[in-house]
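Below you'll find a set of structures to go through.
Shared between the two complexes below is chain A, which has chain B as its partner in the first and chain C in the second.
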Partner chain A sequence: MTDQTTQTPVSTPARAKPAKGGFLGLTSNDSTLLMIIFGLLIFAPFILNPFPEGSAMAQFNAGYPDLMQRFVIFGIFAIGFNILFGLTGYLSFGHAAFLGVGSYAAIWSMKLVTLNVIPAIIMAIIVAGAFSWVVGKISLRRSGIYFSILTLAFAQMSYALAYSVLTPITGGETGLQIKNTDNPLFGSLNPGEIGRANFFGLEMGNSYMLEIGNWVFTFNLGYYIAAVAMLVAFYLSIRIFRSPFGIMLRAVKSNQQRMNYTGLEPKRYTLWAFVISGMFAGLAGGLMVAMDTQVGPERMFWTASGEVVIMTILGGAGTLMGPVLGAGFIKYLENIVSKINKDILHQWFAFLPDGFEDLMVTLVYPFVGKGWHLTMGILFMLVVIFLPGGLVEGGKRIAGLFTRKKTADKES
Partner chain B sequence: MDQIIVQVLNGLDKGSAYALIALGLTIIFGTLGVVNFAHGALFMMGAFCAVITSKILSASHRVVDETRTDFLGNPLEVETFYVQDWFGMAAGQTIMEWAVPIAIIFAIPVMILVGFAMERGLIKHFYHRPHADQILVTFGLALVIGEIIKYTFGANPIQTPAPPAFTGSLDFGVFLGYEAQTIMYPYWRLVYFFFSAIIIAAVFAFLQFTTFGMVVRAGMADRETVGLLGINIDKRFTFMFGLAAAVAGVAGVMYAPIVAPNYNMGLDFLVLSFVVVVVGGMGSLPGAVAAGFLLGILESFASMPAIVDILPGINQIIIYLVAILILLTRPRGLMGRKGVMEE
Partner chain C sequence: MAILSVKGVNKRFGGLQALGDVNLDVEENTCHAIIGPNGAGKSTLLNVLVGKLIPDSGSVVFDGQSVLGRKPHQINQMGISRVFQTPEIFGDLTVIENMLIPCFAKRDGSFRMHAIESVRDEGDMIAKAESMLDEVNMLDKTDMLASSMSRGDKRRLEMAMCLVQEPRLLLLDEPTAGMARADTENTIQLLKDIRTSRGITMAIIEHDMNVVFSLAERITVLAQGTPLVEDTPDNIKGHPKVREAYLGEAQV
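Presenting the complex of A and B:
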């Protein structure tokens, strides 16, 4: 495979201004964006924990390690998916397969080679990349709905095989965990000791608790490793969006025929986008294993693929921030809104007269707790119907209302 | 040989369900050009029509029976069913047992209305949006419908028995000269197969032999010209959406005794019936039906012990494998029309 950048002289669109000297090769806007993400990631334990412990609002705190890790990991997954769907418009309904394959690769690396997470994550990226190359090579022979069905078929096959025939490799229904019988090649374990994932000796579960007044902030090593990975992923995504390669991918979306006539091969660019997004999914899968050393086949089920589609669209497909926002939003709903139960609702509406209180609780209850899927589905539909650009577009529209810029309409 | 017949028979009922859902999907796609990911949800709503009907029919109230007493000597409270009050004991009992077939009478108008509402309320606004948007919004709708069902009926499958006249199995082998008990086939599955054959025939006859059907077919071939001839094709297409919803609905009603309805069955069937549509060829009604039966039967063949021994796990993936092979070798599917959804 030749380097993509050698192909570029054909088009030098105005948007791809070569960033002269800027920070890490980014324009000032993009480096601001990157810095925002950097700040959010660093200070997430503070930002996500705005309410003091023990207060009525404490249940809305999302600053505990498990959830913060999930925000970041699914953020990476969605960023990768967005490189494929947002830029090329190819809707893959089987991306969870790459995440699952990456997870299996990572856990085998931990079981056999070393409990250090870095080799495991690298393994995950490589294996997921290779697998997505094979799937992409075949699926990309078709486009539109056929592409969606093909990717879905591959993912469902992977799921079914992991569940049944490949049990020696995948552990079948129970999945894989690190057991006390595992003895990795490197690293010294006492016989019978269950290994834990570590980063050059530091365990992933290590946390530092900071107490300020009533607030408790948790700084978790695993989270920060995932955060670094996400920062890198986000940076790569910016670079891809702004690169000539990214322009090519946009061209695939807008007019493949014209690309063909210009003498460019759309399939090659799309395949690379597919592999890159597969590798991002593998990275997410590897990180999942690094945080919580277990894998099960349900990670590859097609609803998991549907979830990343929902995240990306909800946040805003084709935008840089969109997938990150979408992933955070969905995971917040999943973990926080799902915990609201009837008692909590009664507390909230306690200020109302009794009859109204019960009425409000009855009205709201179907949408929270176990019903959070309903909220998600409705939100998703509303976004697809009214706000095709997702939350990012919504934010822009609201900002536009305040600034009343007339140029906003002319923006192409 | 008897093994093969058993597998063909086993494949028929699942194949019938695939064929009915795929038929509806293809009607919607052929007329309105919309990829409807919520079609599995319509199938599920049909199955829940059966559940609701059977619940309504077995609604009961407690009556104090003065002539009988319980062990403490108080008058006994007897649970009586309304239908038995109205139609007499024996007739009421029969009505309750035949809840599933009776549900069809309710399901058809309900599903047609649901179809109208869906088309007018949502899908109409998506004709000029990309297929990806259509997929996404109908996928969202499918999630929402599934969750509403889950909220109303709970997450557990609800057993909905077939009428007692159809419980038990038919000794099919005897007709073919095998010994008794070699080929057993549950009556209800046989009923399901014949039922779906009738529905499929009715839909085809409707399209082929009525003026309405002729106009619809003309509209599928060239919507613009039909419109120029002064025919309100949109109205007819909306009706076809309702019809497709009703087909999926009755398929669901009759399937309720075979698999107990739960809130997930819509999505389960949706994925497979999409594969069926693609294998049959987008926009081809006979293709959808043929592929439905073909894949249903293939699936049951693949689960034969003899085959699973040679290729373990093949029963899990056969449908997807066939779909991949067909899509790569015959891009238009088995009977796809030229120019439909190509790139």
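Presenting the complex of A and C:
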């Protein structure tokens, strides 16, 4: 990938001035990127709620806690997946298994140890990391399509086992929830009380509503905990991209033969990329449980693994921002566009004469509501065909047009 | 003293005896060429040396240690670098990144989890990589994408990537194969410069007699998997057995 964001900016005293203005060991460009993510995360309740309550456009508001949490959690999932797929080029088709395993680990931590989400999330990361090490060790005996198939097989196996023989651990079809019979080791629950996930005593569901005019903005504790996790995940991803380890991972994608004859072990580097991305998936799984204390095996189904692949490619594999954009895009389509029904369409086109109104509704309807998959499919095809670098490349091309115009203006 | 010593190596592929009782010593600080007609077993021998093939019998000792059974990356870490027939570089990476990889491999061994450190803080490594690029006159191409360069530049880069590791032995597999005349001349000059400035031991497999006679200090002629004769270039030129087996068809 010739994309600028994948290339490590190597500044040397001899040729270029050392980058200034950065912080946390980042170049100024990377710091800006981190600040953008930081700003988006902090102000998401405002940014995602641009339309006043009760207005015709209100169904486009995405600033409710449940959806914001999903944006962030899938963002983390995709950021981690991108470390493996974007850098090494190894396409795992079974990453949902690590998300699921992380979820199960988190809920057991809550059932048995404490209802505090932090230990649960840490458990999720550790267990998912260990599981991905085993899966990676075996799957990486092959590369290309065979690697993908092996990871897919592992994930489907995990899914099927969670449904059947592992029922004592996974709860089978009904999954696991926190019940009134659960009594964690650390915690003071009254008999019969159903425990709630908390962050050192503060409940995940705690929200503060801010009403300004017709607008209602919700600030939810759970969301902000997930947002901090994503900020950390994004920061780590930048560091990995810019590290010697990151160069090695891109070398794996580029030429393993040369790596071998340069005294390096490409398989070992790939395995660790696999484990790191598995741990990111575990973090996402743990956060899911922290936000909503229940797990079911469908979380590991192969379509869930496919979704993260699509998110990463749609946004731009191998770029820093791509996975975040892709995850946001798909979750928005899934949750917002899918809710548009015929009545809403009629409202929109009410200004047209009757015949035209019906025509427009008929034309648009297949792409919204349950048809959102069609919209996503078309969008995905367009991106893959015309923007192989994903939405990030699209953004760059648009930015490029503007800068070219500007310079042209200056010249003329 | 021989830095690389091959003794009684045999390798069979089914009914074909690819290498039959090969004995070969590469002396330290020389350029040793291995020549022979097509199918003589040159590439098989090279693949044995780098750990890609394991011989049926015999021994290969590098610097007092056997290389047999070791993997390519371990053999590289022992101090053997290899230049391929078609340049093997990291095409998706920039030239400087290409150079940094062997620098890290030399310093950190075959694996290190340096995932949080920034490449920008590796001042020593960057300086080392750049001085090597300077030596092969590529300092102006530092930020170019490796795949976008000409064949000759890719060859230079690959060479630089091998040399920056300061190998004890540099193996070259037809380094000028498929090159234009000018690029061939440049490559010969580059190799000569490296020989004189660094005193590096080289073993070269080559078809082009021009290249062989302008570089080699010792020549081994392989024919049908067996060394026919080993001598200095001058003696090889006039050797009747060699003419018969190989040079009869080529103009020398």
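By our rule, the second predicted complex is superposed on the first by the 382 of 412 C-alpha atoms of A that agree within 3 Å, B and C clash if a C-alpha of one lies under 4 Å from a C-alpha of the other, contacts with A are read in each partner's own complex, and residues count from 1 in each chain.
Throughout what follows, a contact is a pair of C-beta atoms (placed from the backbone, for glycine too) under 8 Å apart; a residue touches a chain by one contact, two chains touch by 3 or more.
Keep in mind it's a predicted model, so treat the numbers as computed, not measured.
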item: Touched partner set for A:207, first chain B, second chain C, both or neither; value: neither
item: Partner chain in contact with A:264 - chain B first, chain C second, else both or neither; value: second
item: Which of chain B and chain C A:218 touches, first, second, both or neither; value: neither
item: Contacts of A:276 with chain B and chain C, given as first, second, both or neither; value: second
item: Touched partner set for A:388, first chain B, second chain C, both or neither; value: first
item: Partner chain(s) touched by A:335 [first = chain B, second = chain C, both, neither]; value: neither
item: Partner chain in contact with A:309 - chain B first, chain C second, else both or neither; value: first
item: Which superposed partner A:149 touches (first chain B, second chain C, both, neither); value: first
item: Chain B and chain C contact sites that coincide on chain A, given as residue numbers; value: none
item: In the complex with chain A, residue positions of chain B that touch it; value: 35, 122, 125, 129-133, 135-137, 139-141, 143-144, 147-148, 150-151, 267, 271, 274-275, 278, 282, 312-313, 316-317, 320-321, 323-324, 327-328, 331, 341, 343
item: Contacting residues of chain A [partner chain B, same complex]; value: 89, 91, 138, 141-146, 148-150, 152-154, 156-157, 160-161, 163-166, 256, 302-303, 306, 309-310, 313, 366, 371, 373-374, 376-378, 380-381, 384-385, 388
item: For the chain A and chain C complex, residues of the former touching the latter; value: 1-2, 7-15, 18-19, 25, 27, 236, 239-240, 242-248, 250-251, 253-255, 257-265, 268-269, 272, 276
item: Of all residues in chain C, those that touch chain A in their complex; value: 50, 71-74, 76-77, 81-82, 84, 88-94, 96-97, 100-102, 104-106, 108-123, 126-127, 130, 142, 145, 161, 165
